[in-house]
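Working notes for the structure below.
A, B, C and D are the chain letters, set down in written order, and residue numbers restart from 1 in every chain.
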Amino acid sequence: MTEVTSFLQLVVTAMVPFILAAQGTMLAGRAGVFNVAQEGLMMLGASIGFLVSLKFGGNLVGLVAAALVGGFFGWFLGWVTTRFRLDQFVIGLALFFAATGIASLLYKVVIGVTLQPPLIPTLDDVSIPVLSSIPVLGPVLFQQSGMVYLAFVVSGLLYWLLYRTNHGLKLRSVGENPKAADSLGVNVARTRIWCSAAGAALMALAGAYLPMTYTGTYTEGMVAGRGWLAIALAFFGGWRPLYILAGAAFFAGMEVLALRVQVGGLDVPHQFISMLPYVATLLVMMFALRFARIPAFLGRNYDRESRTSH
Amino acid sequence: GSSEPGTSTTGRAGGDAPRIAAIFSGSATDADYNALGLLALQAAEKSQGAETAHSESVPVPDAERVMKEYLADGYTVIWSHGSQYFEATSKLAKQNPDVTFIGEFDDKPKESIPNLWVLDRNFHTAFYPLGVLAAAQTKSGKIGYVGGLSLPFSYSEVHAINQALKDNGSSATVTPVWTGDFNDPTKAQQITSQLVGQGNDVIIGSLNLGMVGAFQALKGKADNVVVTAKYTDKSQFDPQHYATSAIYDFTKPLGDMLTKIEAGERNGYYPLGFKTGVSIQTPKNIDPAVAAKVEQAVTDITSGKVMVEKNLTPIK
Amino acid sequence: MTTTTAPVQTPPQTGAAPGRGPAVARQVVSYVVAVFLAFVVAGIVIAVLGHNPLSAYRAIVTTSFKSGFGLVETVHKWVPLVLLALAFTIPLAAGKYNIGGEGQLLVGATASTAAGILLADLPLPVLLPLVLVCGVLAGAVFAWVAAWLMDRFGINEILSTVLLNFVSFGIVDYVASEVWSDPAAGHPTTIPIGQGGLLPQVGRPAMHLGVLLAVLVTVAVVVVMRRSVPGYELRAVGANSRAAQVHGIRIGRVAVGSLVVGGALAGLAGAIEVAGVHGKLIEGMQSNYLLLGIIIGLIARGNALAVPFVALGIAVLEVGSSAMQRTAGVPSEMVLIVEALILLFLLFSDVVGARLGRSSR
Amino acid sequence: MTDDTARGPQSPRPLLHMDGIRKTFGPVVALDGVDLTVGQSEVHGLLGGNGAGKTTLMNVLYGLYRPDAGTVTLDGADVVIRDPRAAIAHGIGMVHQNFLQVDTYSVTENIVLGTHLPSWPSMNLRGEAERIAELSTRFGLTVDPGATVADLSVGLRQRVEILKALYRGAKVLVLDEPTTNLTPQEVDSLFGSLRAIVDEGMSVVFITHKIRETMAVCDTLTVMRDGHRVGTVARRETSPTELAGLMVGDDAMVSRVTEVVTAGMAAPVSGSSGPSTYAVSHGPERVVVSGVVAHNDQGVPATHDVSLSVRGGEVVGIAGVAGNGQVELAEALSGVRPMVAGSVSLDDHDLAGAPTAAWLDRGVAYVPEDRHRDGILPSESIVENLVLGAQRGRRFRTGPLLDWRRARQHAEDSITTFSIKAPSASTPAAQLSGGNIQRIILARAFSHEPGFLILHNPTRGLDIPSTQFVYDRTREAATHGTAVLLISEDLDELTNLCDRILVVYSGRIVGERRRGEYDQYEMGHMMAGLEESA
């Protein structure tokens, strides 16, 4: 395997949590729900995904369980912010705290005291016949675990949903002008609740990916700020599915590059190298953000009978 | 008594039995450094009849507060398991002359405190044989060292490996890399993948939980690579690439110190070494000749034939 | 609903003016109910996990109040909490979210440490103020970077402050393990700062004078927010930035200023941690003060006057959490969940309150 | 415009009947048992002052508000309308006062939004665009189906709203104050379309507070006041005065507000003028504006080289269709928006480039168009709202701190002098009605003793007494020597109040008329950019 190939392969592997969490953020955001619980939901997804896989055998069950629990949190966020119109940011943070606490608590309760940390098998690579033998790109794109394909397929589906279907037309209108959508019979609350639930499910999947790909085990703090970066990525990608895909490549590229620089033996203190992804993100955003549009109703609740919410 | 990970307060109360409290930096279920601490504590409970308690996941800035709480609860021996607590421990020792403290350190402390036992972990000693292994094993001449934080003890490990390479006339080079956290397996996985991608065929790991990630990076790939670990037997993580581990056992050191404390010897210096708690696990997945060299190195160090220099200065 | 035309003089209807008393009482009731419900729900969880909720709660409450030691620990914890909560609340009044308190604290602590080490030989009356001022300035400058990115490039301040936190981790790690590293510490830690840079301690068990400083700063913030022109302008921008702009308030400056002041307070917290508690820079010294500061600010609903009291409650919870783990065996994560529940129930109590208010008319 | 030949025959069975509708918002009773009957193929006017409940009644019909009591009958059958979806299904269409459009969508997308369209493998809107084009020609509502609505003028956006209802096959079309932002020509064209719609058998409910417009287009009229229906009359059998009496409800009041009620009634006739009783001898030129260029929020020039001057005691009007640079001009002349070029001076002090606060200090007062967005701090009390803008002055300060006692005293005085209806001075501004919010803004503007007063659409959305109040205050300011600039889209208001009117089109002043030369149609031409004259 050439060096370029192996570098790119690592980048693609590292893209997945960014893609899933940022697409989840984008999906909820396009319907107007600004979820800020990513970091917590990813931890919860990692914990649940790991524990369920361990106890019931099989990564698939773990992934489904993580998605369901994440989805429940998202549903709750959507429900209380549409039904009771509670502040999205505050609820999001409360859910972040709760999810973080529950993630570690569950691990402690289920695993308890053992002197052998339990392991789950990580996902196997699935190589796609023919395609995986293309030079360079083959191994990078078509010899990866199922979650990698899932992340790309989800991105494509979201693009199709948002821009090529009638549902997407309705969905986007809810985040742009819910009153207009409502006046035309679009169910604003239901759209928001479902997008929030599906978005949070994607975030939890992003978290579950970590133990299933990198470690085979759950450790506290394994999300390591990726949830916060996913929010950055949603802005960075202009709340559009395909731009987010490109942005994820940038974020993951930075992450892998920062380590690559160290391994290459460059004589820069490793502490500075570890800042690279964050500084680079800010630098790029200084210029890229000018073109970004955010959904007009992002983070704002809609009340049909209120005159101030339009 | 309770079986909770967070606490255990068992053993006989009252009498002259010591009441020992320990603080750990991570979860005692980590099957790693903190689990070793808990094992030693439980052994002490049995052998000394001590009453014990411990706190897990104590961040460095909180160590002083947590130890003070134990002081307030009347514990007579306080053990801080981890050299990151040494400062706070010696400070409290000076303030509380009636309580005996056990602190861990990676050097001989400059001043001696009448109620403080110092446990010197001497990590460099164990990494010399690992360096011997690497020198004999590597085909590519490239050795990767995966550390967490760039602390003096980590530097001493790299220096020891370099000394081993030199002593064995090897021209191989060591690339030290830092994940920034001893317990971040994701970073460890990514960085190990890259080390292997760069042609490093011996990976010397000096991580706690992060080690899991380092093994994951190799699973099912790169047959020619071997990995060494630290603290406990980690062969279960990746039987295919696992070579050996520098095994640490705190039961004997803790027991020795407690016995002396009970005998009234309230301070001292206790260095870890191949006779006191450290061993190199019998290597796997490598040539028996190489394994023999490693064993020889251990013997030579123990007998004093080889002096491993303790060099805590940063690596250029 | 007839409206009179001028110049007909109709006295304004002041009869039914709602007094302030009931409003405050309602607030207090909603806090009590929220805290109570949070503890009930958490208690059920604790019981399900097989522990005794009552002894867990007893551990929390008694740690802070049964001994002078517990009290001092609680007060020492209160200082960074209240300062970080204000660092979040002040920009919040202008509608800006400062999620960078932890980075600002760390950079402040780094600068304080630098001053304390480089000028270690200066006497206390010179060095201590220097140490504190350096912390405040560094925190302010670090926050200013985020504010500048927001003002000049329109980068959402939530993002820039969060990303800068990660940058600050690298800075601390570098300073503590490369620049002034204490090789004996076994952890990225700097050598101690000069004696003259340490805050005086009083009483037994000793309490550092940073507590007094924090109290003074809190009082000053409350007065500034309620009575001063900048405080008024800050609230005006938060209430309606466009209207504020139309009426001559420079909203950009106010927003930037509020973040910078927030950063200064977080930097002060860092300086006090160095000068009062640790005497040096330690990696990880930011603890979870950022999240707790945000929780406090949100529970206080952005009201600067409520912040010190809520912060005290959270300090008691936090100091108690390790006691709860030690004596009742309850995992300390429970405290995080309790805090989240308090926040949720507080918001719900508004909804319920509004419903009750409506139906009682 | 007063052409009343084409009128469909009145059919015996009503198309729509609403009975005993009641709706409350917290303590406010917005509708108190209101009945409304709309016949087949008629334009039914719904007339009433602010807060009378017109919009609320129609929102109930459209399912946006859930009534507390009352029934709706359509075509003889009882129907329950829970949400807009049900309303659409029953053939009800509504054009809201604030257009409900997704700015980033195209015309077609806005129109088809919410309907069932197949989207496998991908949504195809070409067929729908053709249908929309066909509908627009049929009803005289031409608009490009592919355009993005954000780029359209107000008149075109309104067409999109009407097309939305027609596309869904509405039987009853509700229009809430559709003429607010239109030129007289656009109003005529709208009325033409309404007739075309009625001729196809649909019915229209037309909400307005302008008696003149109801007399022009409606067949039947229902008048509402304070949440009650106070009468339903046929257009042929009524007069403006009778309608005004019904709307205001108090004969003594009617005489005081005749100016508002009759504003513009006589205006279409060329050469006629408003009352000239208050003509004053104007003082020297106080405000001189020259060559002002200001950019809009997107950085595109919105005003080009605007020059004008205002004398003390003079009321100068700026007429134009919304979106022709008025917002930018108002903000530039009040120091809120930085000017790209040009100068503004008040009493020979050059203000260009100074911060907004300096303009305020100099005596520039600005009453913004959108009072909720630009005028108040909604969550803050009346006291705090009245301090806004003066917080740095000496008036409300002792030392470095604000003196809230003095501010409170000032608020209580203002509540009395400006007849602000509020429970107390500490009531949050958001709880006040539009008219009372406007009174707060005026109180604040006048407390600065302005030398230059800029009013932008100051009476939009206000009811008759409040409008009269604004007129009285504006004149009072002029008699005290203030230079007044009144920017308005309401030609009736301008012809009534102003000594001089400048017409803007596309950010340029395209014409000027003095009192005595006002001709609304001619000005309408200029406003539409059709006629360039000096």
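Here, a contact is a pair of C-beta atoms (placed from the backbone, for glycine too) under 8 Å apart; a residue touches a chain by one contact, two chains touch by 3 or more.
Labels paired with UniProt names: A, C = ABC transporter permease; D = ABC transporter ATP-binding protein.
The shown structure was predicted, so the numbers you read here are calculated from the model rather than taken from an experiment.
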item: A-B compared against C-D, more contacting pairs; value: C-D
item: Gap in Å, rounded to a whole number, between the CA centres of chain D and chain B; value: 77
item: Chain B and chain C, separation of their C-alpha mean positions in angstrom; value: 37
item: For chain C paired with chain D, centre-to-centre distance based on mean C-alpha positions, whole Å; value: 46
item: Touching two or more other chains - residue numbers and ranges from chain A; value: 108, 271, 274
item: Residues of chain C touching at least two other chains; value: 173, 177-178, 331
item: Multi-partner residues of chain B (each touching 2 or more other chains); value: 5, 150, 180
item: Every chain pair in contact, whichever chains are involved; value: A-B, A-C, A-D, B-C, C-D
item: Residue ranges of chain C touching chain D (in the complex, touch as defined); value: 1-14, 16-18, 223, 227-229, 232-233, 235-236, 239-240, 242-250, 358, 361
item: Residues of chain A that touch chain D when the two form their complex; value: 160, 164-170, 172-173, 176-177, 179-187, 293, 296, 304-305, 308, 310
item: Contacting residues of chain D [partner chain A, same complex]; value: 25, 62, 64-65, 83-85, 88, 94, 96, 98, 100-105, 109-110, 112-119, 121-123, 164, 372, 378, 430
item: Residue ranges of chain C in contact with chain A within the complex; value: 49, 97, 149, 153-156, 158-160, 162-164, 166-167, 169-171, 173-174, 177-178, 291, 294-295, 298, 331, 333-337, 339-341, 343-344, 347-348, 350-351
item: Contact footprint of chain A on chain B as seen in their complex; value: 3, 5, 27-31, 35, 39, 144, 150, 175, 177-178, 180-181, 183-187, 189-191, 193-195, 197-198, 209, 212-213, 216, 219, 236-237
